[in-house]
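Next come two complexes, and both contain chain A; in the first it sits with chain B, in the second with chain C.
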Partner chain A sequence: MSQKIYITGLGMISAIGNNVPESFLSLSQSKTGIGKINHLTTRYKDEFLAGEIKLSNSDLADLVKDNNPALNRNSYIAMLAAKEAVINSGIDTNDGLRTGVISSTTVAGMGKTELYYKELFEKDDHLDVLDTHDCGDSTERIADYLGNVDYVTTISTACSSAANAIMLGCRMIKHGQLDRVVVGGVDALSKFTFNGFNTLMILDREWCKPFDENRKGLNLGEGAAFVVLEGENALNLRKGKPLAEVAGYANANDAYHQTASSPEGYGATLAIKQALTMSGLKTDQIDYINMHGTGTPNNDLSESMATVAVFGKQVPKFSSTKAFTGHTLAAAASIEAVISVLSLQNSMIFPNLNFTTPIADMNLIPETKLVNTPLNIILSNSFGFGGNCSSLLFKKA
Partner chain B sequence: MVLEETVHPYYLRKHNILSKAYINGTGCISPQNTIDSDWFFDSINPAKGDYFDAIEPSYKEFIAPNLLRRMGRAIKMGVAAANIAIQQAETQKVDAIITGTGLGCFEDSERFLLAMLNNDEQFLTPTSFIQSTHNTVGSQIALIMKCHDYNFTYVHRGFSFESTLQDALMLFEEGKETILIGGIEEHTPNFIILNRKALKFQEVLTDRPIWKSSTPGIQMSEGTAFFVLNKTKTSKSLASVDGIQTLYKPKTAADILNKLVAFLKLRDLSLSDIDVTLMGFSSDVNFDSKLQELLPAIEEETVAACYKNVCGEYHTASAFAMWVATKIIEKQKLPKVLMISDKEPDSIKNVLIINQYLGINYSFTLLSQC
Partner chain C sequence: MNTITSYAHIKHNQVSVNGSIVFQSGPLLKLSEFLSEAYKSIGLSYPKFHKMDAQCKLGFLCAEFALKETTFLTENDLSKTAIILSNAASSLETDRVHQHSINDKSNYFPSPAVFVYTLPNITIGEIAIKHKVTGENAFFVSGQLDTELLVNYIETLLSNGSEAALVGWVEVDGASFEAFIFLVESSKNINKNSIFKALNQSSVITIYNQTKWTH
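And then the complex of A and B:
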């Protein structure tokens, strides 16, 4: 059980770039990807902002080099990000070791289903959406795109999904079930999720302002991010190079409300504390926290309370990077895992954009400018509907 | 079929085997009368032509009225089955809640989708959106039980339930004592209409058993089965779970048999040690062809049986199969309606489930008398 787990490859596509180098450029230039809605069809197109990937479906098909009409936006972006991670790591899925793919999504094929659903009852043209609507579809597309994958599964725990995929990947290796695993999450924008969040009245019409007293809600984003996890045995066998170590993880449940977080952030506190306990790290060893920080009044207050509950007066430097990417739901935690590894590698804290006034009584002030500072340990939080709270700890390799 | 020794050097390491766990309680809602604890295949409800509906209980016994009013059908079925399993296990507290579902709360998803499409994205209310998320059942159970511990939801087609079991076995090695796992699936009238239109169904002919199908088409179904698992054996233990393995897109029947032999060998067993093998024939010849090819080898060593002739086909039908396996071990009897082989088993110690979903997702689950 003591095998160390390393991140050895990164892949990401979101509003801030179609790959990891582009994403890094946007982050280091403090350039948000959130803007006017171009690709999503919705009557609210001109009223709200979103973090869209800047490519159309046919652009994505060209990049994936597959014109299979059954592929949807969720699958395209998942395949691209997973492939980038595998190429980046240098692993060869044909070498006989056991490779897994553990993905996560909330929207799955809904983005295509919603376009044709009513038509399905009258015509026969798009009945293939019945086969691609479910969450497992994009995961199996990834597996087949990579080739020689022994194990697949998919997780859906709302906005904490990808954190749980990373956690499960680590555990599968530690228990000797797999030698390495491509883990992450994907969610393309859909009218369904957009309207869902709109009915909950937690969308900001302006740029989101995480941790600001006057925050009004979140901006939705879309994206996919995957990392390659390898146990030290498999990594040593091929003499590979680690990018970072997964030093700890934990999953807890707030058990407070189906959508809202408890005011005191009980579940979040549990997740952070348990991840620290597992890693054997002390609170003063955490150099930076990549917060969940969606920009909703409820989440940011609850997360602030949890942060103070764990760290007391010595809260580490922190920021939410959701004002760059928008809230990418199931992909959020893996996008933020990639961002955390980029932070460790480049000794950079990426800023919490759009912040001006701290939340009354909390007095927590995020980093609002790019900070160049050596980083050894990063905590990354992800919380979701259903009280699902997960925290991950990344260590410089 | 020729068996090949193609196992990877890492594959046979002893530490790869997760320790067994014990089933202390079960709760099952299915197209059959499984809600009644005395029912044991004495009367069988046939399919409604080309699909099955689950028989739902009176939920008032299991769920508080204020909660019940808002819940979608999948949530009600899941919470009720979880409740039955917990009552049977006589446990107050679980250390983890892990659910598996292929399509999640489909009724709520469809309700929100249609409201959005019919009203051009206006006048929408959030309730059905909130309940449409796949983790709703797991989180509702956590809310009701006030369980702040580990909570996971798997959503991978025919591996959704298998993943819950695999996760639970790992969690036991990490120190958890009692874990609730379950598979949940619901269908809706529209979903049936569309799948029928896509030619995914067939009415199984009465003159041809499910394992001899020569035509495509399944019988769509729904249901939920929950299990309270325990790390150690107690006086409540009904059976043990000795192993779980998933196979993604095996190429041939021989490939499946090779993996099965290796799976059993890791547990110091061979096929002849298996008393009953429950096989996931779905009535669609395209999906069943590898199992059909495998059947003679299985029948040679064990007593072969089926289950989708009584529960239909759905993403988490393997949860129903595990309920059946537990019941067979407990009662020491294999019901006639499930039998493929002519011979009856002498005693029932080891029961193997070979499930398949769409001919893509295969799994082995091994249960034993304890």
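And then the complex of A and C:
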């Protein structure tokens, strides 16, 4: 029997707060972080809303106390969230145990590269920017910032990336390859992303309305979130306290379309069922689902179908928290892992904002007000382009 | 036992399967032309192929070559078949194309057909869609082919419910490209006459270095 895996530290920065306590405050006050674009330079500034972190790059540089010009927004926010998680957990990376960093990102250093893209063809003044362009760069920066890290890797599987980072972290501990891992994801906003999602015509110009009949699309967000995973052996050794247990996880491919989910949510159904099987939990033991719920017509219908396929008529209470943070892409699953742990700790379901009318034929109604109720098990879904579907199960510790 | 049952390697405008070169085009042919020639050589009619970006075409073809002449797709439960790929450049080649399309205000034309391919795991999606493979999938970005990571990861998967996997490296960066995909099956055993090899780091390194490229 392999050891249990616990979450022992949380760190998060997004549109709803620069750290976990601020995020909790926004969530418990039903206060969205999505609004007018202030920091990103884009032609869509007045056309679309976004979930921006409320700090400029120089504010972020001050917070990480590092003026290294090689750092970019993606690295700043990743470093801040990872450090917060480590401090929160109380682990000491110098104590001789093996620590890993597994991070995920899809845009990496694009936000900075695109500022100099034209110039780079004409002169070599900003060549150093390219050093920070790779997906692996922010992960390496986190590792340097934390110090004494034994293992580093980067995952890129679109919007389920951070869930897959959490899964890999759990497995590496279970297989004795690491004692604890800082896992999560990061994606800062960029013009690249905005333009791309706009061409796919899945951006809502108003606030997104997950699971609403009249939903028009998603709002992009940015953020970073990390959790510290520890095996029970390492945790017991230092007499640390768990915040939650990772009770199950699974990943499956929808094998249907590159950017659209299958109408019946086949991949999602597989992921949820396999995560349940792994945990040994029954469907009626799930107290709440933190949905992927992006607000696109396709995702929310497909995820609803999958939910009904797994839970039948006894669908647990559910909500999507994307209307708080926006869709933060590679960070989404770790942001929602942090939110799920906050739900477990505080016995609170955070509402699905902006919902009024259920999707015709599905009749699934999310929680639209803050609910105070004891929670023991939470399912969290994350689905990405390329058909990549992941589900995680968190249990109250 | 966990067995490598087939592998394909594409590099230097040549395709090798299980160590032997099975297709090659002129060494000076551009990547797009090479991919088109290689596609024709397998006699497949799959219109979606022509919509893919170069990295997906390359990964897709490498999988086709590795799977050809095998019983992999019929003898394994495809809902328990994983696809694990990696590379160093993520989706850089198509990122550049998308960036060009939004860079110039007077010539601004971002396209959904391009943006879709600005994620490396789309290559996995294309292979999954073609063969209805719905098992676990992950895409790692590593500096170079990380046999330790891949072998550990596959062993973990195969001890946790997965039964088979397509594994490897698919990279396009400018004019340079390489794809290397091997099939792993937990139900097969090595016998004297087969090309089958036990899955471990050294066997992966061996098959990776096996092909004698002619140019």
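Throughout what follows, the second predicted complex is superposed on the first by the 396 of 397 C-alpha atoms of A that agree within 3 Å, B and C clash if a C-alpha of one lies under 4 Å from a C-alpha of the other, contacts with A are read in each partner's own complex, and residues count from 1 in each chain.
By our rule, contacts are C-beta pairs under 8 Å (C-beta built on N, C-alpha and C of every residue); 3 or more make two chains touch, one makes a residue touch a chain.
Since this is a predicted model, take the numbers as computed values, not measurements.
Superimposing the complexes on chain A yields a three-chain arrangement in which chain B and chain C clash. Of the two partner chains, chain B is the only one touched by A:98; chain C is not. Look at A:32: by the touch rule set out above, it reaches neither chain B nor chain C. Of the two partner chains placed by superposition, only chain B is touched by A:44; chain C is not. Counting the residues of chain A that each partner touches, chain B and chain C differ, and the larger count belongs to B.
In the superposed pair of complexes, A:340 makes contact with neither chain B nor chain C. In the superposition on chain A, A:192 makes contact with both chain B and chain C. In the superposition on chain A, contact is made by A:168 with both chain B and chain C.
By the touch criterion defined above, A:127 reaches chain B but does not reach chain C.
Only one of the chain B stretches 165-173, 201-209, 255-263 or 291-299 carries C-alpha atoms that clash with chain C in the superposed arrangement, namely 165-173.
Touched by chain B in one complex and by chain C in the other are residues 106, 108, 110, 113-114, 117-118, 134-136, 153-158, 164, 168, 171, 175, 177, 191-192, 195-196, 198-200, 251-259, 266-267, 270, 384-388 of chain A. Touching chain A in their complex are the following residues of chain C: 79, 83, 88, 90, 95, 98-99, 101-103, 110-112, 115-116, 118-126, 128-129, 131-143, 149, 152-153, 156, 160-161.
Interface residues of chain B facing chain A in the complex, by the touch rule stated above, are 8, 10-11, 13, 15-16, 18, 97, 102-104, 109, 112-114, 116-117, 120-122, 124-126, 129-136, 138-140, 142-143, 145-157, 159-160, 163, 166-167, 170, 173-174, 190, 193-195, 197-198, 200, 246, 248, 315, 360. Chain contact summary for the complex, chain A toward chain B: residues 1, 42-44, 96-98, 105-106, 108, 110, 113-114, 117-118, 120-121, 124, 127, 130, 133-136, 139-140, 143, 149-158, 164, 168, 171-172, 175-177, 179, 191-192, 195-196, 198-200, 251-259, 266-267, 270, 384-388. In the complex of the two chains, the chain A residues touching chain C come out as 106, 108, 110, 113-114, 117-118, 134-136, 153-158, 164, 168, 171, 175, 177, 191-192, 195-201, 250-259, 266-267, 270, 274, 278, 384-388.
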